[in-house]
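Following this message is one structure expressed as structure tokens.
Per-chain residue numbering starts at 1, and chain names A, B, C and D are given in the order in which the chains are listed.
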Amino acid sequence: DQAARDAQDKAAAETVDTSRFKEEPPYKIGVSAGYLSNSWVVFALQHIRWEASKHPEVEEVIVTDAAFNPAKQVSDIEDLLRQDIDLLLYWPVDDAAIADVLQRAVDAGVPTINTGGGFTDSPGTIANAYISQWSLGEDVARRLMEDLDGKGKIIAMLPIAGTTAAVDQLDALKTVLKEYPEVELLTAEYGDWNRAKAKQITENLLQRYPRIDGVFSPAGQMSIGVAEAFEEAGRLDEVTMSPGDEYNGWLKWVAEHRQGGAVTFPTRAGQVAVQKGLKILKGEPVTRGTAVKDPFISPENVDAHVDMEAPDDWWASELPPEFLPER
Amino acid sequence: MTPEARARLDRLLAANAIFLALIAVWLVGAAVSDAFLMPNYLFNVVRQIAPVGIAAIGVTYVMILGGVDLSIGAVISLTAVFCAVQMDGDAANTLPAILLTCLVGMAIGAINGALVAFSRVTPFILTLGTAVAVYGLTQIYSGGTARGEVAPGFRDLANTRLDGLVPVLAIVFVALAALGLAVQKTTSFGRRLFLIGSNPQAALLSGLPVRRTTVIAYAVSGLFGALGGIALLARSGVSSTSAGQGLEFQVLAAVVLGGTTFEGGRGGIAGTVAGVLVLVMAFNLVNIVGLDYHLQLVVMGAIIILASALYGHLQARTGRA
Amino acid sequence: MQPATPLLEVRALARHYAGVAALRGVDLSAVAGEVHAVVGANGAGKSTLMNLLSGTVAPSAGEILIDGRPAGPLTPALAREIGIATVYQEFSLVPQLTVARNVFLGREPLKAGTARRLGAVDEARMVADTAALLQRHHLALDPQSVVEGLSVAQQQMVELARALAGSSRVLILDEPTAVLSLAEQRNLFEIIARLKADGLLILYVSHRLEEVLEVADRVTVLRDGALVATRPAAGLDLEELVTLMVGETGRHRAPPRPAGGEGRIELHYRRGDAEGRIRLDPGEIVGLGGLVGAGRTSLGRALCGLGRGDTEVSVRWDGETIQCNSPAAAMRAGFVYLTEDRKRDGLFANLDILTNTSAAALSQFARAGFLNRRRERRQCSELLQRMRLAARSLDMPVDQLSGGNQQKVVFGRALLRGPRLLVCDEPTRGVDIGAKAEIYDLLEELAGQGVAVLVISSEIEELLALTSRIVVMRDRRIVTELPTAETDEAAVLLAASGGPEGQMETKQ
Amino acid sequence: MALAGRSGAAAPLAVLRRLDLSVTGIWILLAVVIALAAIGLPQFREPENLANIVRQSTVLGMLAIGQTFVILAGLIDLSVGMATGLVVVLTCALVDGEAAMTLPVAILMLLLGAGIGAVNGLLANLFRIHPLILTFGMLFILQGAIFTYADRSVGRASEPLQTLANGDILGIPIAGIAVLVVLAGAHLLITRTRFGHHLVAVGGHAENARRAGVNVARIRFLAFTLSGLSAGLAGLILAGRLGTGYPLAGTGLELDAIVAVVLGGTALSGGRGSVIRSVAGVLVLSLASNLLNLLEVSAFVQTFTKGLIVVAVILANQPRRAAAS
């Protein structure tokens, strides 16, 4: 709710006492990825590497992959600490599950930065380069409501059940829906960030509901699957797609259909995290949270962002060619 | 009824239990939603299962032989990405890409087969290990993004409906299943699978090429895995490097539901196809009924257990293990 | 002292399997201190009756009485409790466990005190008791050795030891001698005599009828699942017994053929430092005798490409050397081995008769990889009909056949290949008299067609009746070769069991 | 319990042949891995790193112990991962940070774990379903149950739970000690008691064990129940380790547990194996992961390497001779 979010904004604006983390270069940066088999994460990681390459005082970047297993992420962080890293960047499988080991890192004098997750207000997290799933969801929901003129029946397509992303997006949607009594949420489904699964689920929903006016789907990766199912059922006309994110496959769809647009979910977060981290190591003051946000990509100006040549599983970004993942 | 006729009937029932289950699920479906009466929807179901179903055909061979192939999910993931990269957004590449992808799948399968044939390790764990390796290979190959681009026209072709009704992908699946069934029933390769699965020692003593057949069966499983990967690519484009992850268990459930057991020497493709259909219809059913996500899981689990139980019961009635 | 009520009584006992009446209403009564034999052709229902008594199979109808009281529904554990111990026809041990653990499986002695309540097994006592038990019955086995490392005969002794452990009142022996050597058989008969004196009832199932007449007090004959008669053994002779069993007398056997010619086929055998040679001719039947464990099976398997490394066999046929280092190569050369262990590597148990029969000859029915199934069915059914297979249909699973009929199917598979050299390992094990005669006929017919046949058998009469020469093995060596016409049972036995050194040298 | 081959032959080659890798392989492997790491990587030898490895092994260690029971009995249990997840979620939700609640909740959770196993056992005895399929179905049902209860991380582990998972006595991790105690009990149960004898017999040849008077259904029931119980124990440790009830906490653990058991040379066909070697298998997995991390092997190559290691070790571990089937 609003009060909680105000509190969060306030917390994010606080200044961190960085003196206890001050350290002489060279620096060794540890990155604990909750999962790497995901193109968003790969792009964020490349942003980290890019930014690190600009700072000669960064000697090394070590990356671990927990493959969606929170217990392994705890172990990974323990292993990273054994390698005498000076800075820990992470994106969590689950925030709460690694809070304890993060605290241990901080106690050992290693500053920790949440990279691309939601704002984490916990003593184990020194700073955040955060993307608020909640405000992302809110933004997506509001734009969808506008496009629907505030009435109609919608479905929601969410990521893996139980993840912060799924939880916050649904929360945000429900909050926004309170202002739109004429919009009915028919069902919320979990497509696991999987295009095929989202498509199959949607095919079934199309059987179940004779009329669906709108789709709430903040993850572009699934939005394509959903849109395809509507298209193949010949029901694309009846539906309004919500904005997705700057997943290239989705941008291509937007470019083709001039609909939906993209609320960005910037892979740039990795870059911001490194910048913040280096400041901390030098003892310069930083705020606890920096919200990473790019402008809304409307269906009209999508051409500036979409790369029709690049694969679907790709993200619009400003990475220089040598840091782009291999095509 | 004479005991004789009774026994025959029981055997018939046991051998075809999965088809009864299929009819039962369909009837329940029809009672709940008239979607289950619409050809359009039913063809759609067939199209939905194409990736899993195609992969299951190959795995059925391996399981008749007394093996199992848990690397199939990883193979689907790898081949889907690989095929997209090979296509590289150029229609001219379509055919070479498909052929090359099939080769890759077959090669991985052949490695599995050789490891199983020339050692005494349990294929269950062995293929679990190769699954992890292949999954890692996919990540190394792709760098974590599902790179590559599908050739124009490829997905459109696969997803069009002939006469506006029968999706091409569904036809491909049915054709592959028919081919698989024919190989199983009419070739000596098919016969050898059953013999080796039933008693590998006796097969060896009968002069059957046990190792060669094993390698071929796994290679065929890899091949169908690749075709499944291509079908997945056709159905939904490729959106991640782990698109096939977990599919191996759906495949396994379908094959076993279809009456091909872990012990080998029995079962067949027809049952597997029915098994796949039961699974997907059940899943769609709970979806359509509008159960919550978590209840869908519960129902899925219950269906797997109950269908297997029914099947086991019918088999027991005929006095056979 | 005359026992007023029989110790064991069976009333109208019946058991049906899907479509088959294995046992149809059998009555039987037996008293303590009696050896009661049960005989019958293959599939007569003997094992079914024994399985019902030991609680492993539940009856479809009828009841079992002990001391005149109904025993109620039996389970294996319950049967043991009321004193019914069984040596099954089928292997019934747990292969991974030691002898001692197998002997006491299900009845492990527990430690005293608190440990008892935790179910702690007194392993030391178990091993000691097993050792004592084995010693008492002159069974030479180490209680701590693992069962799967033992020979078939040794395993059979473990089964016997297990049945003898604890206090039993009824001992069921279902074909206990099928895999035993002569000395072991003798020992078994002594054990039986002792137990009988102790007042046990022994139910004894066997196809070796002389043996039956020797040990049994009374004989019950079953045919097609029904009781034919129960007679005192004293008043019976072999011919009468056979008539009761099969409804007709056994066939008169042809006299042995004269030894063949110069030996166009030479089998060279090498195992460790032992070497030897077997000569035979196409169209000849040569016997390979010896006690169980003499190494005959290993020789036969090596001949057909199933050598285990330590055994090597090479073949010279009309001066030409033939390689047979894999089963497939041996098959191509026309060498076929017929296993002694149908269950382990003979039958495709869950598959149908037709598939079992054609398994080794698929290439004959295949063109470009596709099977001609009509031709397959026609040829198989002709062959099996000629072998007088008793089966409802060729599509019935082979494991629903009786032992003898299963053997015919395995035989049929070998014949379909059109072998040049056929090695039959214990071809009539567990096969009834009628089927036995048919199998003998078959072997002779084959030889008549020019096939060289090597028969491995532990039944000396079988070798005497069939072959022209008998090669004898002992301790994994070929010790002698005897022309059948000039030898007798005693001479073969002597050579096999290590009498005066063999005449033939085992040198190159 | 050494499973010697047939006796005879003296040559050194024969000694080598008789070296049953399914028994000794895991120890050789463990020794090699530790030796390599100790020589090549200074960080490895630090006590804190060793304690980390032990801590990282405890959850899987518990599960591997339970899994050994079912596999020895010729069964398999795919539901333990989700059962662990359910216990993690419920523990954290019910305890919610309160130390006083720890004991009652822990007892309740152990009962829950055992209960899930008992249901598996009942169903396995009731229906003729392959245990792989049965517990695979159960996996879905439990996952559904978890999401019914919580669709996000819930609750908080209490202080005692966290101490159990992460604390140590004299530098030795408490959870490690707990696993050792359970391991000792399990080992004695399997090797010294009537139940253990029967368990192995059922796995070795169920029908023949039945004929010998073993209550096969009871043994299977108990094996599943113990497996469920181990999931309960693992769940309590994992709850302490994560500190929160993450719904997907147990995903995939069942496969790692099975791999560890097989690495330890326990035959999937049942009847032979050892619970101690299963835990050694867990240590090898944890060590491998730790080493690859310390060696800074790239994450993708790590996955690939892990797969190769599993395949290689399984090949090296294969049974000496095909078991009589």
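Just so we're on the same page, a contact is a pair of C-beta atoms (placed from the backbone, for glycine too) under 8 Å apart; a residue touches a chain by one contact, two chains touch by 3 or more.
Labels paired with UniProt names: B, D = ABC transporter permease; C = Sugar ABC transporter ATP-binding protein.
The model shown is predicted, which means the values in this text are computed figures rather than measured ones.
Novice: Once you count every C-beta pair in contact for both, which comes out on top, B-D or A-B?
Specialist: When the contacts at B-D and A-B are counted, B-D has more.
Novice: Round to the nearest whole Å and give the separation of the Cα centres of subunit B and subunit D.
Specialist: A distance of 30 Å separates the two centres.
Novice: Find the geometric centre of each of subunit A and subunit B from their Cα atoms only, then give the gap between the two centres in Å, rounded to an integer.
Specialist: 34
Novice: Could you state the distance in Å from the CA-based centre of subunit B to that of subunit C?
Specialist: 43
Novice: Out of subunit B, which residues touch more than one other chain, so two or more?
Specialist: Those would be 139, 143-144, 201, 293-294.
Novice: Please output the residue numbers of subunit D that touch at least 2 other chains, ranges allowed.
Specialist: If we look for residues of subunit D contacting two or more partner chains, we find 147, 151, 299-300, 302-303, 325.
Novice: Could you check subunit A for residues that touch two or more other chains and list them?
Specialist: 36, 161
Novice: Taking all chains into account, which pairs touch?
Specialist: Those chain pairs satisfying the definition are A-B, A-D, B-C, B-D, C-D.
Novice: Touching residues of subunit A toward subunit B in the complex: what are they?
Specialist: The touching residues are 36-39, 41-43, 45, 161, 187-190, 193-196, 199-201, 203-205, 207-208, 221, 224-225, 228, 232, 249, 309-314, 325-327.
Novice: Applying the document's contact rule, which stretches of subunit B touch subunit D when the two form their complex?
Specialist: Checking each residue of subunit B against subunit D gives 115, 119-122, 124-126, 128-137, 139-140, 143-144, 200-201, 249, 252-253, 256, 261-262, 292-305, 308-309, 312-313, 315-316.
Novice: Once bound in the complex, which stretches of subunit B touch subunit C?
Specialist: For this pair, the touching residues of subunit B are 3-4, 6-8, 10-11, 186-189, 191-192, 194-195, 198-199, 201-209, 265-266, 317-321.
Novice: How about subunit D: which of its residues touch subunit B in the complex?
Specialist: Interface residues on the subunit D side: 123, 126-130, 132-134, 136-148, 151, 255, 258-259, 262, 267-269, 299-308, 310-311, 314-315, 317-319, 321-322, 325.
Novice: Across the complex, what residues on subunit C touch subunit B?
Specialist: Per the touch definition, subunit C meets subunit B at residues 16-21, 304, 306, 327-328, 330-332, 337, 339, 344-351, 355, 359-360, 362-363, 365-366, 369-371, 373, 392, 397, 413, 417.
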